[in-house]
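In what follows, chain A forms one complex with chain B and a second complex with chain C.
So, the complex of A and B:
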């Protein structure tokens, strides 16, 4: 036994090296592995919060009808009842946040309507489509109310 | 130092360093839990698409680019729409086009009554439960979130492009300015706030439907029950959570 541990300085040196190695490893691990890595899996848990922090640009229908309470009732009468506001009116989260600062722009029916209703053979057959050679007035809005397409637009006084 | 004293000291160091490291991680680095109002464990997101309702208007493509600041040009997409032109006698070789991803709609290219089958197919990240893209990421910068969304950690992505090649659906691109990967996040910033995705919000025909499979009241269950549904490339066993109703066999 005494012969085995006769040259203890070797052991001390080796143990010291091991301890130093472990310390370096732990230090490097603390330095290089990002915070929260491994909490849910092989990724940084904070990345979930990063992805959530992105700003919203489309406010969503619920935000629109909070103030524009009359529109959903008007829409019910026509085939556009289930289209959400921002499908036509564009992203308006800034307007929903502060209606005085950002204003929505009324879409031009001439440009807007054909985005969906221009004839195309790849469109589903039952979908109402127009061929501009046969059916295109100067402005769709003259005859069609975009909110209730089957009905003539109501003139606002 | 005596041998006993040394061994005792060394033992203490060896035992205590992991504990110290754990204490450091716990105390100094702070908690990474999300605010309590949205519980990841209560959700499992997916998307349902009804091909028979898609009119190829490109609203989803435009809305997605706006919502997620996807560069307009060069034409990279988080979601895009494809037009299929299939000769019924040659299903294996459909003619597929997607001018600017459908951003400006689809100029008429084919004639009615020429004996072909024509339809639109909206595409996006399939938010696979066993994503090939996640498996190849060498640094853990892309991952399946606990609520079933495949996300990118853009601060940790190296831009090595492995995942771009691994995705069987072509849903990833390298952001030209950031030089990191970008892809559909299923509008994670919206769905965690109770909103729907930008593409679903603006789809005029309801061809797209975001669904929470852990919510028993979500209409996606009815959709999956009533329709004959299929995922893209089922043979690749990606565990895709984007289901298509009315999907033609020619669609790749």
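So, the complex of A and C:
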């Protein structure tokens, strides 16, 4: 037998094929695994900088109360005291930056209120919840003031 | 709330439980993987445990295992979407994820065990075909032979030795392959229908049962299609092993059931209700009675009573088909059943099977037929039966 490995030639070639496969895998790893992967954890370190580069969308309550000075006092009295402004009004960083350029949109109470107050047996019994089909009034805002939810219900003039 | 979803719910369900996330494709995945493991274990009976009677099915079992293993990850790819991302699991695997680590088990089993074992077993025929064929097929066989046409006795003895070692390694690999599938369900501690250490063992034995049944039916079908006589001692032996494996599998599932009934933990009343209502057809009728007790009874009958060849053939076809249906029902009951009840144990939802959607019945049928198409191609390329014409040509 003239072959280098005698009767083992085919096995050596198959082993070579497997070795080549492993080599291709290692090359693919070197090529495709993003730089910085695993520096801080099982993710790409550069993802942190990417996230930081996103424009800030929320202004934060402190920015809101700088101008809307009357709302914090009203909120204090009600059950919504701990809810942040932008939880209901949406992200308003642009408005806080320049109120003349970007206006906040007043939320529609019919849509907004039921997001939390729609009846569901999974909610704690003490939590106020309604079935919109049975609950009176076409619009929550007519009887309830979302900034002071404890004072109602009473028809506004 | 989506009206259709709400209509599917009885009693109370948490919002994230109403819609099933794991569809029929996830039922197919353990089913197909199980067929692979079972077919391979049947093949190893001949190779390692020297059960000569099942020799005619050895190669068919290996090719069946390969055809089904190639299809095994496809239901997952279709379910998840973005198949290109699955490659990343190999590039940056997370060692704490069983699913990520299993990617390597799958690759090991496919390449190092099945492909290599088939190659070694067929090398003589590949070389002979490379010598005798013409045209593009000659090139194909030449590439498959890796350019080595040494089929001397010494070289073939070496192949046999390495092949034997591979089969020995292959058995625990096949156990790992399907044990994992049970493990992934058994380790979900939030779900009492799944969370039991019995799960990997039950999955493994049901895999063996389904794989043996599949090869039994395939062998009989192929023999009929080729106009060959069915080797009765061979099918009798396979049927006997099918019975043994089925008894173990059925007993294990029975022990699990008994344990659940006796333990009767806080989930029991809810699960018991589910088995008697929503899962009654698929669990009691299809899995336990028609897919378990009846095939076991039929197979046991062939062992106890002396029956004619024709009757035995009929019983094997019937028992094999019932077995495959029963094991499919078992996968269905695990995967779908595990998502029908609420973690609050106060409500149930319904699984709506679509037809021509990404996770509907149609792709499931296609995925279940695909391995047979692949197997047809494999059989054309590497006939599992003795090819006399090629040898004569040389």
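Definition applied: the second predicted complex is superposed on the first by the 98 of 157 C-alpha atoms of A that agree within 3 Å, B and C clash if a C-alpha of one lies under 4 Å from a C-alpha of the other, contacts with A are read in each partner's own complex, and residues count from 1 in each chain.
Just so we're on the same page, a contact is a pair of C-beta atoms (placed from the backbone, for glycine too) under 8 Å apart; a residue touches a chain by one contact, two chains touch by 3 or more.
As the structure is a prediction and not an experimental result, all values here were calculated from the model.
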| item | value |
| --- | --- |
| Which superposed partner A:101 touches (first chain B, second chain C, both, neither) | neither |
| Contacts of A:42 with chain B and chain C, given as first, second, both or neither | both |
| Residue contacts with chain A in the superposition, chain B compared against chain C | B |
| Chain B versus chain C as contact partner of A:13, first or second or both or neither | second |
| Touched partner set for A:119, first chain B, second chain C, both or neither | first |
| Partner chain(s) touched by A:133 [first = chain B, second = chain C, both, neither] | neither |
| Which superposed partner A:87 touches (first chain B, second chain C, both, neither) | first |
| Intersection of chain A interface sets (partners chain B, chain C) | 8, 29, 37, 42, 121-122 |
| Chain A-touching residues of chain B, taken from the complex the two chains share | 1, 3, 6, 10, 13-14, 17-18, 21, 24-25, 29-30, 32, 34, 40, 52-59, 63, 66-68, 83-85, 105-106, 108, 110-112, 118-120, 140-146, 151-156, 185, 188-190, 192-193, 195-196, 198, 201-206 |
| Chain C to chain A touching residues, read off their complex | 12, 14-15, 88, 90-92, 94, 111-112, 116, 119, 123, 145-148, 150, 152, 154-155, 158, 162 |
| Of chain A, residues touching chain C in the complex | 1, 3, 7-11, 13-14, 17-18, 21, 25, 28-29, 32-33, 37-38, 42, 121-122 |
| Touch list for chain A against partner chain B, complex | 5, 8, 12, 15, 19, 22-23, 26, 29-30, 34-37, 39-58, 60-61, 80, 82-84, 86-88, 90-91, 115-116, 118-124, 127 |
